[in-house]
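One chain, subunit A, links the two complexes that follow: it is found with subunit B in the first and with subunit C in the second.
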Partner chain A sequence: MSTGSVEVVYRGIFQKTLAKNICRGIVFAAIKEGKIGIAFGRYSDSPERNGIPAKQFAVVSDTEEELQEYLSRYEPDNNDVTMVADDTLCKGVESWAWYGLQPINKLLAKDGTLLVTSTQSANKLIKTIHRKGSPYDLATIKAQASFSGLWVYKDDHTDVRLLGALAKVAPHIVSLDSVLEAIKDQWKDDKKVASAKKAHDETESTSVGAEQGSDAEPFSFDMPGYTKMEEGLVIRGIAAKGDIPGRDGGFVPGRNPTFKKYSTRTMRPVINFSTCTKCTLCWLNCPDTCFDITPDGFYEANMEACCGCGVCEAVCPVKECVTMVNEEAFEDNDSQWELWTKDKDGYSAWLAEKIANPPARSHGFHHIGQYAEEIANESS
Partner chain B sequence: MNPPSTALAEKIGGPGSGETEELISGSEAISHVCRLADVDVITAYPIRPYDTVMQYVSQMIANGDFDCEYIVAESEHSQFEIVKHASAVGARVFCGSSGVGWFYAFEALAVTAGLRLPMVAMVGNRALDDPGAFGVEHNDALAVRDLGWMLNWVETAQEALDTALIAYRVAEDPRVFLPCAISCDGAFLTHSQAIVKVPSQEMVDSFLPPYDRGDKQLHPDNPITIAPQANEDWLMEMRRQNDQAARRARGVIIEAYEDFNAKFGRDYEPFLERYMMDDAEVALVGMGTMGMPVKVAVRKMREQGKKVGFVRVRWFRPFPAVELQEALGGMQAVGVIDRDYSFGSSHHSGTLGTEVRSALYPLEKSPKVVTFIAGLGGREVTADNVVETTDMVFDAAEGKLNDQDTYWIGVRE
Partner chain C sequence: MPETTVESLGSFLETQVLDPWKGPKKVIPEEYYTSGHRTCQGCESAQLMRLMAKAGGPRSIILGATGCMYVANTTYYSTPWVVPWMHTQLGSTGSAATGTAAALTAMMRKGKMTKEPINVIAVCGDGGGVDMGLSAISAALQHLHYNLLILCYDNESYANTDIQVSGSSPYGANTTFTPPGKVHRIMHKRWKKNTAAMLAAGHPDVKYVGTVCTSYPVDAMNMVRKALSIGGPTFIHSLDPCPKGWDYDPKYSHELGELAVETGMWPLYEIERGKLKMLGRSQRIVNGQFKRKPVREYLMRQGRFAHFIDEDYDYVQKKTDEMWEKWLIPGVIPFFE
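What follows is the complex of A and B.
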């Protein structure tokens, strides 16, 4: 009598099929061992918008009764393995519901394994992951956030590599033999079988101590009862901060404290204020109205509201004024403008470092073969 | 509010002159309420028999007797969406439809109650189309019974006018803020003219305060968002608030009737009309214009010494369970006549039958309840039909008729 569960955290909608294929693969492999299993999504379908953190689960079990316990849960909360298909999710995930930020290891069982596709080192990743309070293992598969579930992208074998790694870190859920058999059945492709085997053999785990990791407090919201919350589903507007300095009228948006977008973002703009011409295009074109106007008339992307879409970079007419940089390069959400105001030289150095040697963009390729080059560079 | 034109002022007696008597249909009575309540936004899309209200409203506007935003939408869905949003900015609104037109607006109908946007709608009850039928059945309006809409059925044009005024007061009460549908039987009420006392503007103004959404009004000076995405995190609390509002509506309805009776000199019992119930041994229960033939039959049977009475349910939502327990608790048997159907339901009855049976069940000694279906698709319910029905209720009282079944009256076999 035993049950094993795997949580797959991914970026909707880009990685939806990838996550589904992984979870189906787990169930098919379990069937090879005479077990039964289910795969299900919990933030799927309509609310699954671009970049929104979403989840799939796979649960395998010896009996129907054990499975039922999991089927009745919104989210199984004691998973043997949590897979992360995009390492920027290590900073935590928000669902569409107002539950605040969920640390990436929150639903991982004590002594479970967090399995991340990343080109970063385990030590670097640990710094961005919230402290768990109990020990667990961290394993990485060297890969960028894969889009291979989308039919327009080439299959990069991320699905089977994760399945192979799973057999290494949690052989009690599925053995390598079952995984390989299931892959052979599903994909009828010896190369994919070989990729799974290779990933299995190469996967190494690092122990993470109970107190290791980021000590940032994950934000949360008050969830008032029906006697306390406003009737008619009314949400009050936030008072504006006041007029734009030095101008008549204008608009400085108030920020809704109950809707932050940190975890939706995989890139963020960095802004070179010394080249900014104050043309207003970023401010006008941002689909999330994320730019605040500073007292001296600059435009600063407010990291509470930025989704990381890159429109500001695309519309900025000044060379290297707005540059999108992968979210993994940042450890906080502090104001860039404040840093620049306080210490212009320090800011210039910070900016030069972010732009000169940025981690790969979270999405979009610029030339054929770029992915292979990036992986080779990271590996060397 | 524009002052009435000279012609209308003469006709209705002019401001301050109290009530005037007019020969008007149920639909025309409703249109008078639109004028007297000074409704701000009315949307329309034609479907028989509701479209008669459109006709009278547009006539009043054309004659200069009434001023409002009158929008003929391209469908019922848009019709109800427009008034829903107008209500959010604080406009008093009116809308209406019939049969499948009401169903086409369903997406908007469901959300209106959930968002606590008051609205008064007239449903000219009509069969749900397929064979092109346009006679009365109550299934159209009943479809919103679970969604937070208040629902009532009226019997006469006078009651239509009075109830619509009361409906505005209840719907727009901040303790309630729910939409209300006045159901008027197609043809029998929408197209039947009778003498109706039309109140003066002063009378209406003394009864009906302006619609004030307070700090829930959508306005640039009051920046709010209504209805952002709500998932499992908020929805259950929102439904519970809706439930509380529906519970509070009971008390607000009672208050409104007390004030209305005092100011208009009427004698309405808020939820029910009781007819010859004082010493009744069996009772019939029904809604809408069916009350007419039932009353005729009850009088006839009383002459023959049969102790039968009639309870007409005015408000279906909120459902008057307590009042029905009190009115029907002492009966030997109760016969519920539905002008609707609920195929496959318990006992194969209509919806009113199921609700009445459920309301009476907790009584220590609950009467036998036998259910009937009659008058579908606008078929006449005759006094003879009612006598036949009543005899069956007496049979049920004596245990000679299976009270676990539903009987169709006036159907060809």
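What follows is the complex of A and C.
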């Protein structure tokens, strides 16, 4: 007699179909074993937005009564497995229903398994994950995060590979045999079955100690009740002092102190201030108002506000002045402009290293036929 | 008989004088729509809100109908608004705008508020404006003695509720209501509603109606400034590429807006005091100085058209050619001679 639950944390819209395939797959596999299950998206993540972290769950029980009992809680909060469909989510998630940054292992049970899609080593990943305070296991499937969109799905087998790996790390929820059977039923594709089996065989877990991981304090704020909430404005405008007109003191827009959005970012812009012509286009076209105007007239992306859409790179007229780099290459949200002002040579070296061989990352649909080309390249 | 002018109606109020910004370097650094919203990466509607708030300045009241710019912008303690903002129901953009403008006029007349021009801007998506709120917008555009701007951010679907088809969705687009299937490849066969021109033609007293695209940010801001300065009810329709519903890498938001204009699928124009002027690339298309790009270049970049085959591209091309070659006023008013 038992209930098991799996939480799938993913990038909204980009991985919506992927997460749905996984959660449905878990329930179909459980049914093969005579169990009962349910797959559902977290209500408060809906409607999803591109890149904003979201969650779906699969809960599996031996009997219907146990399932009902488990579902009476607000949401599964003591999960046997937390699946992370994109490794940049390991830095924490700021999703719709959570005010502040939630550590990725927050809802994982003691001795549960964090299962991550990543090309990084386990040791490197552990450094980015917040300390849990109780031991757990970390398992990875070696893959780039699979991104597509609402209409065209990139079928690179990430869904079935995660299902196969799940059967390895949590056989008490679903066994390999039932997973393979469910995949065969659903997709009628022997290649997908083989991918799941291979991922199962290759998956290994690393133990993570209670005190291992990043000791950074996750961003949080106190939620005021209605008696303490302010009337009207939440964001203070910045009073026009002498430093705004003419821009000769720099200009930092007033920002929302309670919602930062940076956990949405999978890539971040790095800026070459030496080649910047101060043309204003990155600043003018940023939908997230993330650029601060520095005292010397440069535009610098504020890493607490940037969500990594890449529009600044697209509109920049200077070659390699703004370059989007995989978020996994960074450990903090520090100001690039400050680093550049302090040590120009050091900054140039840092910049060259970051943009030389950034880990590859897909970011959605570009043209018809692109996913087939990418899958062909990845498998060759 | 004395001529009926807005001034003769009695409650006319001065507008703010907002001069155009000549180039991106003249744009003010102050932000009235800042970071802290939960829109998608690369959301051009958020970009439009930001530009509109910048253009309107600090003495503005923003009213927002239900839609992405309500839900993603204003849940508990996640908001980017620095200026006052109020929610209104899906179909009541026009009513909220008229009511707010009327209230301001009355309060100032009664001396309960300092007399000063305050911008009233009501924003709605294509669901709220092009579909549900059309009648209320029409009513607002007939209240010539109130100063208000209705700004429609058109992402060509009900994007907030996960992409249902709207009157503004383009031919053939995949939405949750029009999924392509094995029997019927094209489920959405209506041509996009010609909203701005319809409102301009139907409300000849309105002093300013225009279409914008956020890929041309300075032009878009200057049109908002012109609409707010000119007085009376005004309407601006903006095409906003939507990475979620159109299905593309958010990085290309800017490029897709340009492609929509360059292929001729989104004409840019303004109708100021009854005088039509084509703008930017659209003007060059009409003058023959710019050859329209094939619509295929625009359509094949979006997952919502991934089911298209040659005949669908050809059909959209043919209809777009008609807009520019056969319409009574190219890109603006249909009717064939």
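List of remarks:
Keep this in mind: the second predicted complex is superposed on the first by the 325 of 380 C-alpha atoms of A that agree within 3 Å, B and C clash if a C-alpha of one lies under 4 Å from a C-alpha of the other, contacts with A are read in each partner's own complex, and residues count from 1 in each chain.
By definition in this document, contacts are C-beta pairs under 8 Å (C-beta built on N, C-alpha and C of every residue); 3 or more make two chains touch, one makes a residue touch a chain.
Bear in mind the structure is a predicted one, so any value in this text is a computation, not a measurement.
Looking at the superposed arrangement, the partner reaching more residues of subunit A, out of subunit B and subunit C, is C. Once the two complexes are overlaid on the shared chain, A:Tyr74 sits against subunit B while remaining clear of subunit C. Applying the stated contact rule after C-alpha superposition, one finds that A:Val318 touches neither subunit B nor subunit C.
In the superposed model, A:Met223 makes contact with both subunit B and subunit C. By the document's definition of touching, of the two partners only subunit C reaches A:Leu150; subunit B does not.
Judged by the touch definition given at the top, the superposed model places A:Ala349 against neither subunit B nor subunit C.
Look at A:Glu231: by the touch rule set out above, it reaches subunit B but stays clear of subunit C. With both structures placed on the common chain, the touch criterion links A:Tyr99 to subunit B and to subunit C. Contacts of A:Ile13 after superposition: subunit C is touched, whereas subunit B is not reached.
Note: residues 47, 96, 99, 223, 232-237 of subunit A belong to the subunit B contact set and to the subunit C contact set alike, using the contact criterion stated above.
Remark: subunit C residues 24-25, 27, 29-44, 46-47, 50, 58, 71-72, 75-82, 84, 160-163, 174, 217-218, 243-245, 247-255, 300-306, 308 touch subunit A in the complex.
Within the complex formed with subunit C, the residues of subunit A that make contact are 12-13, 46-52, 96, 99, 148-152, 221, 223, 232-238, 240, 244, 247, 251, 253-256, 258-261, 264, 279-281, 284-290, 293, 302, 304-305, 307-311, 313-315, 324, 363-368.
Within the complex, the subunit B residues that touch subunit A are 114-117, 177, 216, 222-234, 236-238, 240-241, 244-245.
The touching residues of subunit A, when paired with subunit B in their complex, are 47, 74, 95-99, 223-226, 229, 231-237.
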